[in-house]
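Naming follows writing order (A, B, C, D and E), and every chain is counted from residue 1.
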Amino acid sequence: QPNAAPSIKVAAAADLTHAFKEVGEQFKNETGIDVTFIFGSSGQLAEQIKQGAPFDMFASANVEYVDELVRDHVALEQTKNVYAFGRVGMAVKNGVAVSSLQDLLKKEVKKVAIANPDHAPYGLSAKQALMKAGVWEQVEPKLVYGKNIADTLAYVESGNVEVAIVALALMKDHHLPFYLIDEHMHEPIRQAIVITKQTKHEKEAREFLAFLKGPTGTSIMKKYGFIIPKEE
Amino acid sequence: MLYVAIKKTFSHFQLDVNFTIQKGVIGILGPSGCGKSLTLQSIAGLQRPDEGVIQLNNHLFFHSDKRIHIPTRHRNVGYMFQHYALFPHLTVYENIAFGLKKWPKKQIQHTVTNMIENIGLKGYENHYPHQLSGGQQQRVALARTLVTQPSILLLDEPFSALDHHTKQAMEQQCFSYLQQHFSGLVLFVTHHLEEAYRLCDELILYDRGRVIQHGKKERVFYEPENVQAANIVGCKNIFSCTFAEKGEQIICYVNGAQLIVPAHKKKSGATYVGIHSHHIRFVDDAIYNAFSFRVIRAVSNVYTYDVTIQTDHFILQASVSEEQWRHMHNKKVYLPPEHLFFLFE
Amino acid sequence: MLYVAIKKTFSHFQLDVNFTIQKGVIGILGPSGCGKSLTLQSIAGLQRPDEGVIQLNNHLFFHSDKRIHIPTRHRNVGYMFQHYALFPHLTVYENIAFGLKKWPKKQIQHTVTNMIENIGLKGYENHYPHQLSGGQQQRVALARTLVTQPSILLLDEPFSALDHHTKQAMEQQCFSYLQQHFSGLVLFVTHHLEEAYRLCDELILYDRGRVIQHGKKERVFYEPENVQAANIVGCKNIFSCTFAEKGEQIICYVNGAQLIVPAHKKKSGATYVGIHSHHIRFVDDAIYNAFSFRVIRAVSNVYTYDVTIQTDHFILQASVSEEQWRHMHNKKVYLPPEHLFFLFE
Amino acid sequence: MEAVNLFPLFLSLKVATIATVCALVVGLPISYYLSRSHHKWSDILDSLLTLPIVLPPTVLGYYLLVLLGRSSPIGRWLEETFGILIVFTPTGAVVAAFVVALPFFVKTARAAFASIDQQLLNAARVLGRSEWDIFFTVVIPLSWRNIASATTLVFARALGDFGTTLMVAGSIPNETMTMPIAIYDALLAGNKKMANILVIIMTSVSVVLLYTMKRLEKRMMRGENDALRRH
Amino acid sequence: MEAVNLFPLFLSLKVATIATVCALVVGLPISYYLSRSHHKWSDILDSLLTLPIVLPPTVLGYYLLVLLGRSSPIGRWLEETFGILIVFTPTGAVVAAFVVALPFFVKTARAAFASIDQQLLNAARVLGRSEWDIFFTVVIPLSWRNIASATTLVFARALGDFGTTLMVAGSIPNETMTMPIAIYDALLAGNKKMANILVIIMTSVSVVLLYTMKRLEKRMMRGENDALRRH
């Protein structure tokens, strides 16, 4: 469609669901370029890109998947960018008195949900935090694993677990009590983005990248609780 | 005592029958598609009539006004289906034992083994129906029905697919069984005239969903009411006629010929006269009812010759023995008055 | 010309038959389960024999050594199944037209409409088989087979479920059709003796998977080879005997009685003698073969009486006309020599 | 080479077996009822029963979570009265597999029941058997082939359920993690080799099992194989 | 209130319809062959065909992706020769739905074919029809009820496929995002209201469609309803 307005497709990790939607809207307002987001777990999207999915960009929840794509020569190395750090915290079921990781040991906390640490970066961070707090051993029997971070949130929303450790970015405007976990409790969650090799819209993709790192982009990301890294 | 008075309507067919029978073996005869099977199905509760009453002895099976419709399993009827309806997943033994569920084990075994012997299928106990020939299947079906000692037997052409030899054995067996163990009614649908005559006490003739005649078998056979009934009982000589009374006799005019009929056979309103082909005789001469003739066609049967003969007035079908056949020349055909009967249209 | 020489083995049953027929209507008679249907199925190619040859005219259908097994659809046989096998999803019209696929449309319509009229099912064109009575179904099946003009007709008890009236009409129709349009062979399995006699030219008698006699119908009926064959053709009087030749005659000893038989009937090795029940006569006296008797039992049939009589030496079944029945007292039973036949074991 | 944890395999087999049995017990009467009834709303019920097929499994799982979960009336009642927990337990996996597989059973069995020769049922009625009895002695044996094929279908579907089980049972290692989830996890964790091994195990076990079921079915049908062929 | 994007619904209907047609075309001969054959390996083939049921859909999708993807020999050949792209296109969604739904068809249809009265086939043979012809004029019409129920099953399964489609077609909004994926996305984006609306739409459309199919099936069977009942 040569005459249609230019558009790009961005594959993005589940934790970016809310933030990127807003970024996309602002980006279109400013540049007229349409952005379509494909949300999924980082691992699943990376796999699809390796098989030739027609995505122009890939926004992962951790940098490792981006590195993998670069290594496999399906992404442009020089466009790799860690543009934000994610934060995790505890979403707590109404009426449950939990505010710290230690509280998870309480008897009334019967189930705790995290994303699967094997392939969801946010799940890994949750695990690291639990270990660092020295409660992993005791909490592990209470754990329930979500397929990705958004799934995990559904467990506490539906009242089936007392606590879910999820991305802060998903909790804006959410009604559940939320307690942030100190960022030193886990390795930094490095949200990385990269342009794919097979894109036919590299120009627009670079524009989006610039926009994301520009003032409007960073302010939106901040609004959703991401931490913006200092310019190196 | 069985009382049946039911109606049922289909798009192309209407059943509307009404009869009472006291006891014995009652045959139902009628052309194909006249509602014989439907009647049996209604009695068994497999069809629900639109309206009417069915009662067996003191047991009300069906009463449309009282909204009574006893389920089939509580009617204790025996039913032989036209197509056997053997259970394909059960062996011969299991098929026969199927209706005996509540009996003691030993008795079942004894009865069924006996039955299998009776029907000449010893050694076939563990065969499945599809491994049996048509006749073998039929025997199993018959055994399955008889073994449950039902209070009425509904037989829908049970012998139709049996070979001559087996058929006689089965008939014999079935009826000696009935005589010994069975005081109930038997309703017997068949297409085989001789079978009906041989086995039944009474006959009910059906035509297009209605009962057209009902009575003792001899009477039904030899004094059919109307043309249809005469057809059903195999009468091949039926003539349109007018008649006049004359003392002890009736003079009947058929196509110009005069036939003498005894006065007690009179039926006002009848317009046809008939005679069975085996009642026709050949005589040297007679004062009345005798005509000269020529043979048009003769078909040899096992026991008899079927002869088509032409007189000046009509064509006749006669069934004669070989001996009669040999000595037929120069004789006259004679229609015995006592064997003539009047028929309604 | 049809040549059949095949073997097929099942767990409980072995078929091993061998016959050649030239033309006409050939009946296959035999007790239930003797392999009649299997034979027809083999000819049609629906069963594959274990070994042997089947050839129709110049067309080799099956040859186990040459590994020839022509598929059914190329054999152009007409087959009436014992259970109709009507297509439940097709109307009467469609069922009958099923075999005419390659004909021009108009001709199909004409032929089928005609056929439906012939079988008396006008108005039923759009009915489905389950809406028909048993006999109506059978007529459709017969029509479906006849309409394709096959080069051989295999009829597996086609008339067994028809009522008397319809049966005669169908027989008549079927055979007038055959006479007019059909020069091919007809193989006709039936259980009905009279039917076989009336309709067939030749008869093949089966017993336990083997042909036990094959010949012109009169011959098969009146000179059965052995006891089984006599049973199949309905002979009810069979006696174990010894015999001695004496000039033009044979003297045959049955249980102490002497019977005279013409010498040309001699069969070396035969050990039984038989006579049909309708050949037994009653005479005032005779020089030989006549015995005094008493009646044990009499059953009235439509046309005849079945009488069981006892002489000093044996028990006989006789079939007599009403007239004979009335004049039987004080007569002697006479076994006409010309109607006696010897039987192998 | 990493050791392969076979717990998920055994859990999957157990869950699928129980779910299949439940589907049979619940599904047989429903499908029989549906096959006999000619009401319009029995068709509506039938269509409603296909919902678990058309809804995305995770979403179905989510609704089950809401319906049977610990804060739902049902879930709370079960937990308080019997101490039974459904969600995040193997029971939950069974429930998920059951809900997901049932419709396949009902659809197939209904059609099978509907095509049984009515006359055979009549014969059984005349021989004094109750409808209940007829169901077990005539209907089931006669539709055996179709029921068996429906059962393998259900078993396979239960064995392979992923989305719904994941949601309801929570994928807890060595507790509720079934084979499909384990495969998924291995694949997305980048452990392709492990994923392939697990797929091969799953595949061979399924093929062997289903093949055995098929053979067993054939064996049980013995002479009936061509029972409908008549002479 | 947000506007509801109905593209996923129409895409889903289109994909499911095409996949169902394909499943019929491919599945009918396979299942007929399987029903006639008595070789052992036809049972093995049958069991292998159930693999798409027992494998987790996402994993199945992954294998399809590897098999048909743009860097696979098949995928490259198709792309280079015909310019056809399978993965991440609506075609991919059709392929996914097809693979996922086919086994259900084959299993059901095989059982249906196997239970046809052999004598009817014999009658057709004697009347000069070829096996091919018999298949269409006797076999199919006689197993119509079961085939129809298998077809609705397949349609429903194709309509509801989530994991495999997600993987193979890529869930691109307004391009390959089918209804189940849209529902899932809405749910996980925390947009419960939208999810519920979509579920209701999906549910009603499916019920109406499946109900219509059922009725149509009944209508087409006309007199056959109790065709097997004989007098």
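Here, contacts are C-beta pairs under 8 Å (C-beta built on N, C-alpha and C of every residue); 3 or more make two chains touch, one makes a residue touch a chain.
Owing to the predicted nature of the structure, the values given are computational and were not obtained by experimental measurement.
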{"item": "Any chain in contact with chain A as well as chain E", "value": "D"}
{"item": "Pair of chains ranked first by number of touching C-beta pairs", "value": "D-E"}
{"item": "Chain whose Cα centroid lies at the greatest distance from that of chain B", "value": "A"}
{"item": "Whole-Å gap separating chain B and chain E, where each centre is the average of the chain's CA atoms", "value": "56"}
{"item": "Separation of mean Cα positions, chain C and chain B [Å, integer]", "value": "23"}
{"item": "Centre distance in Å when chain A and chain C are each reduced to the mean of their C-alpha atoms", "value": "89"}
{"item": "Sites on chain D at which at least two other chains make contact", "value": "58, 62, 117, 119, 184, 187, 226, 228-231"}
{"item": "Multi-chain contact sites of chain A, meaning residues that touch two or more partners", "value": "44, 47, 151, 154"}
{"item": "Sites on chain B at which at least two other chains make contact", "value": "37, 41, 82-83, 127, 131-134"}
{"item": "Of all residues in chain A, those that touch chain D in their complex", "value": "41, 43-44, 47, 68, 93, 110-111, 113, 116, 118-119, 143-147, 151, 154-155, 158-161"}
{"item": "Of all residues in chain C, those that touch chain E in their complex", "value": "41, 44-46, 71-73, 76-79, 81, 83, 85-91, 98-99, 101, 127-134, 137, 144-145, 148"}
{"item": "Chain C-touching residues of chain B, taken from the complex the two chains share", "value": "10, 12, 29-34, 37, 82-83, 123-124, 127, 131-136, 138-139, 157, 160-167, 191-194, 197-198, 221, 231-232, 234, 278, 299-304, 319, 321"}
{"item": "Residue ranges of chain A in contact with chain E within the complex", "value": "9, 14, 17-18, 36-40, 44, 47-48, 51-55, 148, 150-151, 153-154, 170, 174"}
{"item": "Chain B-facing residues of chain D, complex", "value": "117, 119-120, 122-130, 133, 137-138, 141-142, 144, 223-224, 226-231"}
